[in-house]
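In the part that follows, the structures are each spelled out as structure tokens.
Paired with subunit B in one complex and with subunit C in the other, subunit A is shared by the two complexes that follow.
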Partner chain A sequence: MPIYKAPLEDVRFVLNEVIGAAQLAQLPGYGEATPEAIDAVLEEAAKICEDLLFPLNQSGDAEGCTFEHGVVKTPPGFKDAYTTFCQGGWAGLSCDPEFGGQGLPTLLSLAIDEMVCSANLSFGMYPGLSHGAYNAIEKHATAELKKLYLPKLAAGTWTGTMCLTEPQCGTDLGLIRTKAVPQPDGTYKITGAKIFISAGEHDLAENIVHLVLARLPDAPPDIRGLSLFLTPKFIPDAQGKVGARNALSCGRLEHKMGIKASATCAMNFDGATAWLVGKPNQGLRAMFTMMNEARLAVGMQGLGVAEISYQNAARYAQERLQGRGLKGAVFPEKPADPIVVHPDVRRSLMTMRALVEGCRALAYSIGLELDIEARHVDPARREAAGQLVALMIPVVKAFVTDVGFDVANMGMQVFGGHGYIRDTGVEQYVRDARIAQIYEGTNGVQALDLVGRKMPDNYGRLMRQFFHPVADFLQAEKDNPALADMLPLFMSAFGKLQMSSLTVATRGVVNPDEAGAAATDYLRLFALVALGFMWLRMAKVAAEKLPQAGARAGFYDSKLKTARFFFSKILPQANALNLAILSGAKTVMDMPAEAF
Partner chain B sequence: MPIYKAPLEDVRFVLNEVIGAAQLAQLPGYGEATPEAIDAVLEEAAKICEDLLFPLNQSGDAEGCTFEHGVVKTPPGFKDAYTTFCQGGWAGLSCDPEFGGQGLPTLLSLAIDEMVCSANLSFGMYPGLSHGAYNAIEKHATAELKKLYLPKLAAGTWTGTMCLTEPQCGTDLGLIRTKAVPQPDGTYKITGAKIFISAGEHDLAENIVHLVLARLPDAPPDIRGLSLFLTPKFIPDAQGKVGARNALSCGRLEHKMGIKASATCAMNFDGATAWLVGKPNQGLRAMFTMMNEARLAVGMQGLGVAEISYQNAARYAQERLQGRGLKGAVFPEKPADPIVVHPDVRRSLMTMRALVEGCRALAYSIGLELDIEARHVDPARREAAGQLVALMIPVVKAFVTDVGFDVANMGMQVFGGHGYIRDTGVEQYVRDARIAQIYEGTNGVQALDLVGRKMPDNYGRLMRQFFHPVADFLQAEKDNPALADMLPLFMSAFGKLQMSSLTVATRGVVNPDEAGAAATDYLRLFALVALGFMWLRMAKVAAEKLPQAGARAGFYDSKLKTARFFFSKILPQANALNLAILSGAKTVMDMPAEAF
Partner chain C sequence: MKILVTVKRVVDYSVNINIKADQSGVETANVKMSMNPFDEIAVEEAVRLKEKGIATEIVVVTLGVAQAQETLRTALAMGADRAILVPCDGELQPLGVAKALRAIVDKEKPDLVITGKQAIDADNSQTGVMLAALLGWPQGTFASKLEIADGVATVAREVDGGQETLKIKLPAVITADLRLNEPRYATLPNIMKAKKKPIEEIKPEALGVDLAPHFKTLKVTSPPQRAGGIKVTDVATLIDKLKNEAKVI
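This part shows the complex of A and B:
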């Protein structure tokens, strides 16, 4: 049976010792979010994840959601778990206390997202989608709609969805056909077919609030003609009591590779009553204000799955007896050595660990900037945080979800044939992690966002928010003996990133295909360097603390060893990526379309 | 719905224009295997794969095998398809005509394996396992057993299995506990539990022939104490008429991530009657004589899945309309451009294609050497072929199955969200391809075989079978203008491989963990250089033929474009791998086992 323990020691290390989450308590409205308070919440969240959500993960995958006569049922146990989850206040953790939320920082919410997604990614989809809907309504809806809907979403009594995709329309939202017709009473009638709607229909909550992108009559035919509509499954009265069923229904439940306990629905809107959120034809803007947090949350899904995959692979490697160490028996009294003695198994485990811990530090560091962007008293600091967030969101979303899938696969490989058997529980992580590379903007789209929008923005203004702190760190630490073996390896990769950045930026101006063809390699190069920067910061702290660490010496020692592994075994990929980038777009674009 | 067309043009190109399969007809016993005859067989095989096996692939995955009261049923349609397949003589394609086989070369059989595995990997498992059993019996059993069993296996009337794995014993076969007790009549009684037995029980054939590794009384307690036993499900009489049920049964059908139509069984042997194959305590040797062909066949599984994944991704990219080219609309008359215009989609498709076509050429080239090793009149040529085969088998098995999985994932990513939906059919390729990285020796075990056994063998004798022909080619083609842009890129990577080889070999002598820690990176580096060598050879041919190619100019032109992509975008990985290898084992081995 698979195991899961929330990695609280590492979470605390990143929050308190690396990125300085203590500054959260200085942000307006977050005065109570002290390290101690955050720690208490994390401990409670760990229990919920380990004891309530994790035990339903495998059964949820095996049983999946079911669909009959328009009704979707979640797997056994999900409804009770969801009720308990909401009663604990977890659905509204970072929601405004005015609407019944806990008012805690987004960073904390993201750290808990990681644990929830380790324990049960499918389960995490339901509150995750609600949270996105909450944010969109909070930022763009009228006071009346907010008052009616936000308390329900914060409490989890109602859940939310995002209805964007249509059969002919995925990445290219300009192709949306769903129509919205204004009614004399100020509402709208929505008609159209949406697909891939997560939590579109289910039995967890008494109502479902669909946020639907649709077109008003005479709206422009492209993305400038999209408006956002709040479309509830049941129309509530002014007191929030659910009333008549709205004219919308689930037409199909998708059968998917993974996240089988998450209901992915085809939704039909047949003149459903809806309310406009934000201004007409500004729907995309309303939808995209919460995009940064949503994409970071998908990154946390990748991280969460990677973490649990590592934990299970590490335990299996310590317990499974097979073969002998290459230098002879390490445990001669046993029938065979545990496979953790084998260098190639260690290589996998170290790779998994270096990626997981590096991604955690990177993602949390951006999560902190999200809170700073939203709340800091200094507008200049807010702006700088916003710029770094804008730059790093595509990097984190794409790279961390790639890591989620890759680490899940490495973990499965450690199990050998047993990993391929469903009962073992680890192949589910591979199937579940796979979706995070696709939704919320495919990872290719993230790469295009990075090279096409973020990089050229105002002559590299966003880029400086990353490059300058790195250069400052290198200057400050250039003689730090604890980093002496790592710095040259990092600086080589950093140099490659600078070279590639300049190349892609200058070539991309002349020929956008040059940027497009380099995009995925460039994003990965950027991510590896960003991870290297986090590893330098973590190694610096670990080296400082190690001498007086006492019982925690093992933790810091492992951190330093993992850092060294990252720099010698993973970061060299920067060389290959840089060469591929420099080679340009010609070999990518040369093939005639019909020759594929 | 997914599509599949056997890639006959590329298969012919590799066979006839690159590796020179015409020499097969000069090998004793293969006189009829002329290019024309081979082509006719390939065309027939293509039809069977496209029309008979491929239509059952998705339904086989959805319905899977079932298990009730010890009886395993294959999915609807499989039994009829298997009967048709056998009636066409496909089960005995490379079997000896003396035993009813077609007597065709192993290379042809492997090329057809690729198609079968594209069309229906699960289906291909049944004749694949039988073929392995056939080979073991043919090479090691008594004339009597051969006469009784081989015609049935060649005809497909009976199928075969390999029973190695036990719950406590996977890679480390020395841990096998299954016992064999000699009986007065010269037979043996087998008692033990085997797991992960592909085709262990099913309804396709009238009998199943299990080849079981077991221990005789007083046999040494390690791998030197294993013997191989032929253990039929039903005991046949001397005429091959099946008789009494043997004391063996299927205790469980595994539920797996993929290859769901392949029955993976836990088999219980409860004093089952068996016959010794080969000599006592020489079971591992008997089992391993067919290992090269079996591992190459698993490589073909990876290639097959990669091929069909590419085909479907390419078609989808040409048909799916979404977004516009980065330089503006390419098809302004359509609502959007096909996604094949996007550089990042092309990057995926080109990567898939460069890997698929490169792996095909590499695998076929080794398949040809298998036939030469077995049949060439010149013992020196046989020996050289055998050395190259021994060296390259782990490279091909591991790299091509990694490619199978990676390409299946890239293909799925091209489909976006639609790829994650089971109905679309492409996520099955990801799940199916995954097993090939695990069974028949995990890819980590392949890497250890390469650095631990093949590389040091007789001071690098095997290595020279690869390095010398490459050096000769480079010398001969150094001024070939058609290769001018590729040769420097190749030579850089080749130099890295030489540097890494020397480093791993010298360090590994002193400290085996050095070789073990470098193994996976080294295998991949070796494979990329080997693929590069095949791409040089293919590019040379394509450049020569292009001017007079007429209607086939497009084919050669695409080949050259794909070669250039490989050298500029994929081969640079050699730099990163070389650096990781040179950095040594310390960062891999430093972490205490209990710290994971």
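This part shows the complex of A and C:
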């Protein structure tokens, strides 16, 4: 049986000691988000994840959702768990108190997302999608629609969806065919077919609010012709009481590799009544305003799965007795040594741990910037935060979800044959983690976003929001003896990133294929350096705290050991990536298309 | 009706217990601490009585280190109205705690005291019982069901032979057993509200009680490792081993 314990000690370390989450309480409207309050909330969230959601993860995977006559049922236990989750107010954690939310910071919401996704990624999809719909409606809908829909979404009594994908269009939303026809009463009729709709139909809530991208009759034929429509499953009256069934239905459940307890639906809209959200033909822009938070949330899915994979692999490595240490028996009293004594198993575990803890620090640091961007009193600080967020979102989304899958895969390898058997529960993590690399913009698209949009933006203005703080840190800490063995390794990688950045930027201007061919390698190089920066910051804190740490000495000592592993065993990948990037696009593009 | 609920901060039930190197006790430094699970049940029962309109106020009390405030906040987040912390750093033993609680009961004058049937750290199962004796109040221990009407508590209690039902007059002490209820998860709004609920500190001296331990712990050791099982050849050998080795029959 797999285990899960929310990693609260590390979460607290990152929040309070590394990124300084205490500053949240200084932001307007977040006065109550003191470290003590955040801690109490995290404690209870941990309980819910460990005791309520985690026990349903394996059974939810085995039983999956069922579909019969247009009705989708979630696996046994999900409805009760969802009700408990919503009654606790968790669905509305970061929603506006005006609409019944708790008004807590996005960063806290993201930290809890991580735990929810560790405990039960499928379950997390339902409140996650609702939260996305909430944000889109809050930012773009009329006051009337907000008043009617937001309290229901914040309470979780209704859930939300994002209906973008169609059979002929995934990444290229310009190909959308779904139509919206204006009606004399100001509403619209939506007709079309959508696929891959998470939480499109289910039995958890009394109503489902579909946000549908569709085309008005006179709309331009490409992405500039998309509008966003709110299309409820049941049409509510003005008081929010659900009424007549709308003309939309679930045609089938998609059969997926993982997240089997998340209902992924093909949805048919047959003249469904809808309301316009935002301005005509501005639908894509409306979607984009919430993209940053949504992509960060998908990153948390990768992190969550990586964390639980590490926990289980670490425990198994301590318990599984096979062979003897290479230098002789380490535990001679046992019939064999636990596999944790073997260097190759340790290499896996250390890699998993260094990636998980590094990604947590990186993702949380960007989560904090999201809150600063939204709330800080100083416009210059808001702008700077916004620029860093814009730059780092593709990096975090792609890298952390890659880490999610890679770490789950490594965890399975630690289990050997037992990892391939379903009972141990760890092959589920491999299957569940895989989707996060694909949806919410494939990781290839994230890489293109980084090199194509974010890097050239205003002559590298966004890039400077990362490079300058790193340079400042290096200057300030250059003589810090605690970092002496790490700084040269970091500076080497940082130099490679600077070299690659310049190369990709200059070559990309002349030939966009150059940027495109380098994009994925470049994003990974960028991410490794960003992780290195977080590991330097963590190591600095750990070294400062260690001498007076008392009972927590073990924690800080492990941090420093993990940091050293990262710098000596993982970060050198930067060299290889840099060489691959510098070699250019020719070998990628040389093969004629028909030769594939 | 006012209810007083006692809570204790203990090593979390899910933690693997380690003995301190000097065998003076269980390692608690940098170990996850939580509210004693039976006390959680006690708090839950009080909150349910308040939700039914039977109780009007719930006061939670604990004795312990400063961090025991967190345990009180947990109770406040579940629905208690206010809290009392008697700060003390030294070792606490049931009689001293019961005396301190009696002093607080004298001050607060609750109609009902609910405690957990035992704390999962030392498993003494004595504090609630001693408190009732010191107060001269009736007690319903190991309660698995509680109903209150007309100044009388009807308590179903789990005993070796099955279930016993008692009617006792209030004020009384109830100690909560596992099956009394299933504690709720604190809701997010209540966690935030709990931050604003008052925690009063009362020094042990102000209660006029001596908390000094009455007995001394010589040493604490782990239970002996379980030996591997064996197959016996026949029933006679089994009986012999049960009689002479295990000494259980």
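Assume the second predicted complex is superposed on the first by the 596 of 596 C-alpha atoms of A that agree within 3 Å, B and C clash if a C-alpha of one lies under 4 Å from a C-alpha of the other, contacts with A are read in each partner's own complex, and residues count from 1 in each chain.
Convention: a contact is a pair of C-beta atoms (placed from the backbone, for glycine too) under 8 Å apart; a residue touches a chain by one contact, two chains touch by 3 or more.
Everything quoted here is computed from the prediction, not taken from an experiment.
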* Can A:L321 be said to touch subunit B (first), subunit C (second), both, or neither? -> first
* Asked: Of the two partner chains, subunit B (first) and subunit C (second), which one does A:Q282 touch, if any: first, second, both, or neither?
  -> neither
* If you stack the two complexes on chain A, which partner ends up touching A:E32: first (subunit B), second (subunit C), both, or neither? -> second
* Asked: What is the contact status of A:A551 with respect to subunit B (first) and subunit C (second): first, second, both, or neither?
  -> second
* Touching A:Q102, do we find subunit B (first), subunit C (second), both, or neither? -> second
* With both structures superposed, pick whichever of subunit B and subunit C touches the larger number of subunit A residues. => B
* So, A:Q58: does it touch subunit B (first), subunit C (second), both, or neither? -> neither
* Check whether A:Q23 is in contact with subunit B, with subunit C, with both or with neither, and answer first, second, both or neither. => neither
* Structure fact -> Residue overlap on subunit A between the subunit B interface and the subunit C interface 554
* Can you check the complex and tell me which residues of subunit C touch subunit A? => 14, 29-30, 70, 73-74, 77, 185-189, 191-192, 194-195
* Report the residues of subunit B in contact with subunit A in the complex, numbered from low to high. => 165, 168-172, 174-175, 196, 254-258, 314, 317-318, 321-323, 326-327, 335-336, 338, 340-350, 353, 405, 409, 412-413, 416-423, 427, 430-431, 434-435, 437-439, 442-444, 447-448, 452, 511-513, 515-517, 519-521, 554, 557-558, 561-562, 564-565, 568-570, 572-577, 579-580, 583-591, 593-596
* How about subunit A: which of its residues touch subunit C in the complex? -> 5, 32, 34, 36-37, 40-41, 43-44, 47-48, 52, 84, 87-90, 92-93, 102, 104, 550-552, 554-555
